[in-house]
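Structures for review follow.
The two complexes that follow have chain A in common; it is paired with chain B in the first and with chain C in the second.
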Partner chain A sequence: MSTTAPKLELGRVGEIVPRADGIPKVTGEFAYSSDLNAAGMLWGHTLRSPHSHARITGIDLSAALAAPGVHAVLTHEDVPGEKLYGLEFQDQPVLAVDRVRYYGEPVALVAAEHPEQARRAAELIRVDYEPLAPIADAETATEQEPLHPDRPTMGHGYRDDPRPNIVRSLVIRHGDPDVEADVSVSGVYEVGIQDQAFLGPESGLCVPDGEGGVDVYVATQWLHVDRDQVAPCLGLKPEQVRIHLAGVGGAFGGREDLSMQIHGSMLALHTNRPVKIVYNREESFVGHIHRHPAKIWMEHRATRDGKLVNVRVRILLDGGAYASSSTAVTSNAASFACGPYQVDNALIESLCVYTNNPPCGAMRGFGAVQVCFAHEAQMDKLAAALDIDPIELRLLNALQSGDTMPTGQTIAGTLPVAEVIRRAAALPVPEQEELPRDPLRLPGGSGNTTRGEGVKRGVGFAVGFKNIGYSEGFDDYTAARVRLDADGSAEIHCAAAEVGQGVAGVILQVARTELGTEDVTLAPHTTATVGSAGSASASRMTWMASGAVRDACRAALEERDRNGGGAVDVERIYRHPRTSPLDPETGQTTGERSHVAYACAAMRVVAEVDVELGLTRIVWIGTAQDVGKAVNPQAVTGQIEGGAAQGLGLALMEEIQTRDGLITNASFTDYLIPTTLDMPPVVSELVEHPDPDAPYGVKGVGEPPTVVSTAAVVSALRVATGRELTRVPVRPDDIVGL
Partner chain B sequence: MFGMRIWLRVNGEPVEADIWEGESLLYVLRERLGYPGSKNACEQGECGSCSVMLDGKLVCACLVLGAQADGHEVVTVEGLSEDGRLHRVQEAFVVAGAVQCGFCTPGLVVAAADLLQHRPDPSDDEIREALSGNLCRCTGYAKIFDAVRLAAR
Partner chain C sequence: MDVLTPRTLDEALRLKSERPDALPIQGGTDVMVELNFDRARPPALLNLNELAELRGWSEENGRIRLAAGLTYAEAMQTPLPALAEASRTVGGPQIRNRGTIGGNLGTSSPAGDALPPLLVCGAQVRMASVRGERTLPLAEFVTGVKRNVLADDELILAVDVDAEPGRQTFLKVGPRNAMVISVVSLALRVDGELTASFGSAGPVPGLVSAPLEDAESFPVQVAAAAAPIDDVRGTAAYRRHALRVLTKRALERCLA
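For the complex of A and B:
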């Protein structure tokens, strides 16, 4: 099909530029990872555990092998190389060996000619399980039998905690954590399990190369770290495994861990045929990691005039069965536990445990979401106790550049906390709408059968912040390669994963800016032609890709000048300022910084609650966000609106429900995400103070809106109802019958 | 696994396919007929990413059997642009920044085109209601509303 593009202006850094992939996405031509096909292709299917904890005593494949259309049935015995993999620690079996530790853990694989044949054959695999008592309660996990007796997360430089089932135990001691003050408020807060619920299900195509290697076309967030986990499990050299980015239908952290990459490759290499695997929605819900559920105890001590003196925090995160990226989530939750406020004394204990609940790892906001909900509830509570305006209280304590974090790190870059508070607070909120009105605009929408008699309104406020980039000494870099042709055109190679956030556009804008030409194309993202870009996570990709592409473009121009013209091809690696580990005993930074940089956001929310029916309506969201420098303002506001929606979802409706570790709502019928009827208008103010350490001053923008919006929505419900609301998602029972 | 042969029209073209009776129209379009534009986000009627027009009616292709489409007329997102020009809804989605990952986009574009065909100048509430069966996880919908308003103008 040929289509004529609307006339698009090619832009540079700072301009509004329509997405290069926009047209193929609106016409249906864009190839997502589930859209791929190859001649002779088979369909793979994964048999998963129906138990959250069980011993495997036997597996009988004979009936499955004899089923029509089946080409392979594989178990852990067929894993050619390492049997375990993992993002940080190798603690997760490619296929369960003698024990399953979570509901949905992969046990066996089938390849067949038709997906239904593969599913039916998988049902014929007989697995004998001996159920074991699941560890379903994170609070008692450290008193149970160890799920991982060889303690894979110990001895890696983190604080050694001898109790069983510790993923990470971190203590930050800052100033004098015993110091008293005039006033103290405390609370216990809980956050349910949230799911990334990206719309494009896990999927990909694995194609054997005929020489023992494999090409994997997959939707992922970090091509090179996939390769580095896949190759050892296949018993192959890294260059024998080429990972290519297929179209990604959203990620939000949920594609940091592997899904079908090793499984599809095993089936492809075994059958010597291309193999495609596509999860359905239920399998997607059980097949990937989630946001950590948390229980958080907080005490804030302050002077009578509202200055924070001491904050004491205990955080418990349920990591589920395998470690994934839990250690970094544990540390992030601790780092941001006090919020974007200057606090001279603090004691922060952050603990993540193994259980038989669904494994948890990265999701947008990464530990900061959970603690923001808690610290902002505390700030509202403190304001009430002191009879100070909640916004004034936040301004009084706002963190700024040059201040010291509880980890001892001095904030070197920009962090305009007071400014985002002032600008969000200054946004005019809409007038209350008259009653009666169209039920579509009542809490609960057209399901609301009243005339609105029980409607109460509240205006809430919250502030949050988060780090940008990988922390604690991780060698974080991004490679970019630039090929300048003799005719002046340029081709950019960068493995930065375009997951929908728009990094492909950022790369093109930077290249146009640096090269001074519009004749720039972006080559396919692959491990085959360029070095690692690192992960599309931690709000880092814009910063890192901008740095790498800028440096490579400048180097290419210099080389062309040296050569007096002609074609050049250069690759450059960009690193952000170095970070250092936290001291394992004190939680203090062992160098100049443990986090690279920070970004903050403030949000004001208007909510209505029907206190007779327990229904809510979010009327309006206004926010001001510290973005450093907006590379593409339209894409930035898009991130803010989408990020706010995900935080609203956690506040009001999104929770993975479990019983003894079994997920009971793995569908979009039972796990609800915000629809067009749930989302209000979002007014976004971009606060631009370029960060001195960042290329063009850019900061990541994806996470701060998600960090702050859950807290801000609940703050508005709290004002409307007068209830404490210490758990998200807020349930109808929590707000009904005042 | 071929149980039957069906004949239908997709985007105006007559096509035929050998299918297994249990296959959804979505599967038949995507895997048998080479129209992968309609998306498979849930395959259980909850997300709208598979929205197509069946005999002029908006349906979730995952909820219709391929066999039910035998002898019928289907229009997918691939069939919206005419004479090589984007449909005005498609163009508005690009210009308004309503596309991020884009996985919801084909379904939303088809649903929005259907809305504007019946209501050329919908109110904001009508837009919200008409698109409430189409989930988007990336955008928070603000720019999708902008796009529909832009296309309606």
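For the complex of A and C:
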């Protein structure tokens, strides 16, 4: 052991800095949004639809209003302002008006002294429903009666597809999509509905300010866009609604849409009391959007020596009852459908429809996950058809900086696809363990189902990529404010949501780097003191917050120099390079770029599969990821491991099951996520090529591991079983061949 | 909601006869889930955790007595191989420290993991009320999905099983490698004859016996005795298929 005291690290960009919230979270001391409390607080509860599609013919509140402890029972008639809200289009009622379109849609609200009183009163609300036939099949949705007859998603510059129930219909035509080649492989791939399955359910506290406004303390991903959706529905000015970030127990896209924000505020303003709402697990499963289930048809045409010539893709996404961020998911799925490969000719049709299934929206990977599973299956199939090594085939076609995307965009920044492939492929794979073994180290794990019988091993590989930041012309920016005190200390204000990804630490590292002092604190994340940070999503927050905080720090130092010392307080806005919309007819970029930048990852997976029982043990994961510049290498590794686990979950077990639009497994008993016995050790190689457009060269790191790991896990399963496995999650039945 | 906490078994039985609507709670790993999900609102809970009479296990006259309050963590230490293996598959460490055999019987789920290993050991369930005690074979105790013969005023005291286990094993299929409700499970005992019991493949755990000579056809017999359904956890076809594989593997282990 060293005898010298450890040198106090400044904790600058590029250094390993332990997370401030790490120990409190592990020891249970961290305050999550569900732990909030206020004097005189009431509890809110949401009455939800038991039907996936029904007309509401009457609501009788009298029994609920007379129930003990009840202070308010509210319906759509009590929404003070706009009745509809939405991230991209206002198509979702705050409370159902005359129709419910999905199972669990909010219908009425109760505030009571005790949460149990609120629940019991909600049961006394009599809603008369006239059930309607649900649209449960995405493939026939465009032939059914429209769920939104006023077509809220049309007329926004996207292709105007006249069929009913279209959220977005996008066609990308690139080169000559009819060109033939020596060989062709085709497949149809399906992806089930994955849930973000964050452990901290939706929750928050709404406190009336006594002057008609409200303070909302909530676990969310984008404070300012919450405010901009909440205020109009409350009939308030934006500054009358202040959103403050409360402790977030995971997000993964599932907190981009509103949950209890408007509901809690309505109850709080109505009763003039603080109101807290906490969903239970079952309610959480219906209380947020999910990953889009997809069906994907792909044909790859290539020369005999393996060069891709033409890729033809049809993508069908089920958006569920409301639009959420489906239009962007539709476009992302299309952009990344060909994978990180140079393809000169392509026809990509991407369609998202409205149905009465659970609403879908943002989830880690955002459209790229579904297509990566498909294009990587196709690459393995093509390699087999051509008798070429699958890794060689990928290297032969690897996209690189300067190449052209199917949207016509030339890749300007770094994109080391070949390098991540080579580095992941070079990672040494562990030897097969001897038998006999502890059953925990065999497929079936603690179930004790095999001592080695039926077990086959497979090594799989996949590569994937995704955009960083918001695309298609969105004005994407982040504000940061720096207050320098006369004593040299600094306080940073930035509304970037700390959702567990570690952006709070990133902000401090950047500030310490720029200001050259350790005496830096981060003010609470709120809409009250600083401009919008944009969303903690699209793998953008590190890039954007770094840019904003860097610029604000530099401006603050300059101002202090100009003033010759003293206190200063400056706010700066950072924007990434501008993007442009896609042409609605050709799907080609109308400017220099439609996506800001890209990041890629390659992954190698070792699986052992009990082919008689269809059970799996993932033994090892090795990955190389394009991270630009690792701000905090330990946090990056954490993102890679967590992201890989989430993709592994989709590959093997995670699926929201539905019957006629009703969710049948809304619990952690039946919606399974990987445990520590399902998740192997991960070897992570960080590939650092600073991106010229990014502050410090950083790239987002949260999504690429999720994009690639589902594909890589299933690739290993295919090698082990010899089966095609065209659907995720892979069920034991699929492996056994039932 | 009242919580009644008797200190002796007699007091517990008296309370139960006075308050037949009081729901017994031992580990609470089923009861609390029901309460938290708002699926049950019992007017009272009868807390059995202070009753020394319901703790531990003992051996006499060639039988082993497992008190109702025996936890899975404790059951893993008993000389009953299939029960110990089954207990190892239950939940995570927290659940194994709290969840009990008596609670598993009380719930009487077709997926209850304690039931198949107890069934192959000739389990007899001992119940008591202020009216007296009675004992029934486990196969008669469980009458349907989450249904059993327990009367309103009765408590489960213990389960008696054969002390000579023979060769035994337990296997449980779940789509992840720990903390999973069984998709299908199998306990096998070999001692002069073949006795198998399966879980999650019918409304109640099944029990099948055959002479040793039938080892070859036994996997098919076991699968044929099952009455599985399709549900969110698996398909009937898979359950039947898996039962064949599990029985074959169990026989290989116990006949080796």
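Assume the second predicted complex is superposed on the first by the 719 of 738 C-alpha atoms of A that agree within 3 Å, B and C clash if a C-alpha of one lies under 4 Å from a C-alpha of the other, contacts with A are read in each partner's own complex, and residues count from 1 in each chain.
Everything that follows uses one rule, which is that a residue touches a chain if its C-beta (ideal position, glycine included) is under 8 Å from a C-beta of that chain, and two chains touch if they have at least 3 such contacts.
Only a predicted model underlies this, so the values are computations on that prediction, with no experimental measurement involved.
In the superposition on chain A, contact of A:Arg451 is made with chain C only, not with chain B.
In the superposition on chain A, A:Leu677 makes contact with both chain B and chain C. Look at A:Val736: by the touch rule set out above, it reaches chain C but stays clear of chain B.
Within the superposed three-chain model, A:Arg422 lies out of touch with both chain B and chain C [touch as defined at top]. Within the superposed three-chain arrangement, the count of touched residues of chain A is higher for B, of the candidates chain B and chain C.
In the superposition on chain A, contact is made by A:Asp35 with chain B only, not with chain C.
Of the two partner chains, both chain B and chain C are touched by A:Leu440. Once the two complexes are laid over each other on the shared chain, residue contacts for A:Phe198 go to chain B alone; chain C is not touched.
In the superposition on chain A, A:Thr664 contacts chain C only, with no contact to chain B.
In the superposition on chain A, contact of A:Leu613 is made with chain C only, not with chain B. Counting contacts as defined above, chain A residues 280-281, 440, 446, 667, 669, 674-677 meet chain B in one complex and chain C in the other.
Across the interface of their complex, chain C is touched by residues 119, 280-282, 440, 443-451, 453-454, 612-615, 617, 652-653, 657, 664-665, 667, 669-670, 672, 674-678, 731-733, 736, 738 of chain A.
Listed in rising order, the residues of chain B touching chain A in the complex are 1, 20, 22, 30-31, 35-44, 46-47, 49, 76-78, 80-81, 84-86, 90-91, 93-95, 97, 99-106, 109, 125, 127-129, 131-145. Residues 1-6, 16, 18-19, 21-23, 25-32, 34-35, 37, 68-69, 113-114, 116-117, 196-201, 247-252, 278, 280-281, 438, 440-441, 446, 499-502, 634-635, 637-638, 641-646, 667-669, 673-677, 679, 681-682 of chain A are the ones touching chain B in the complex. The touching residues of chain C, when paired with chain A in their complex, are 36-38, 85, 88-89, 92, 169-183, 185, 232-235, 237-238, 241-242, 245-246, 249, 252-253.
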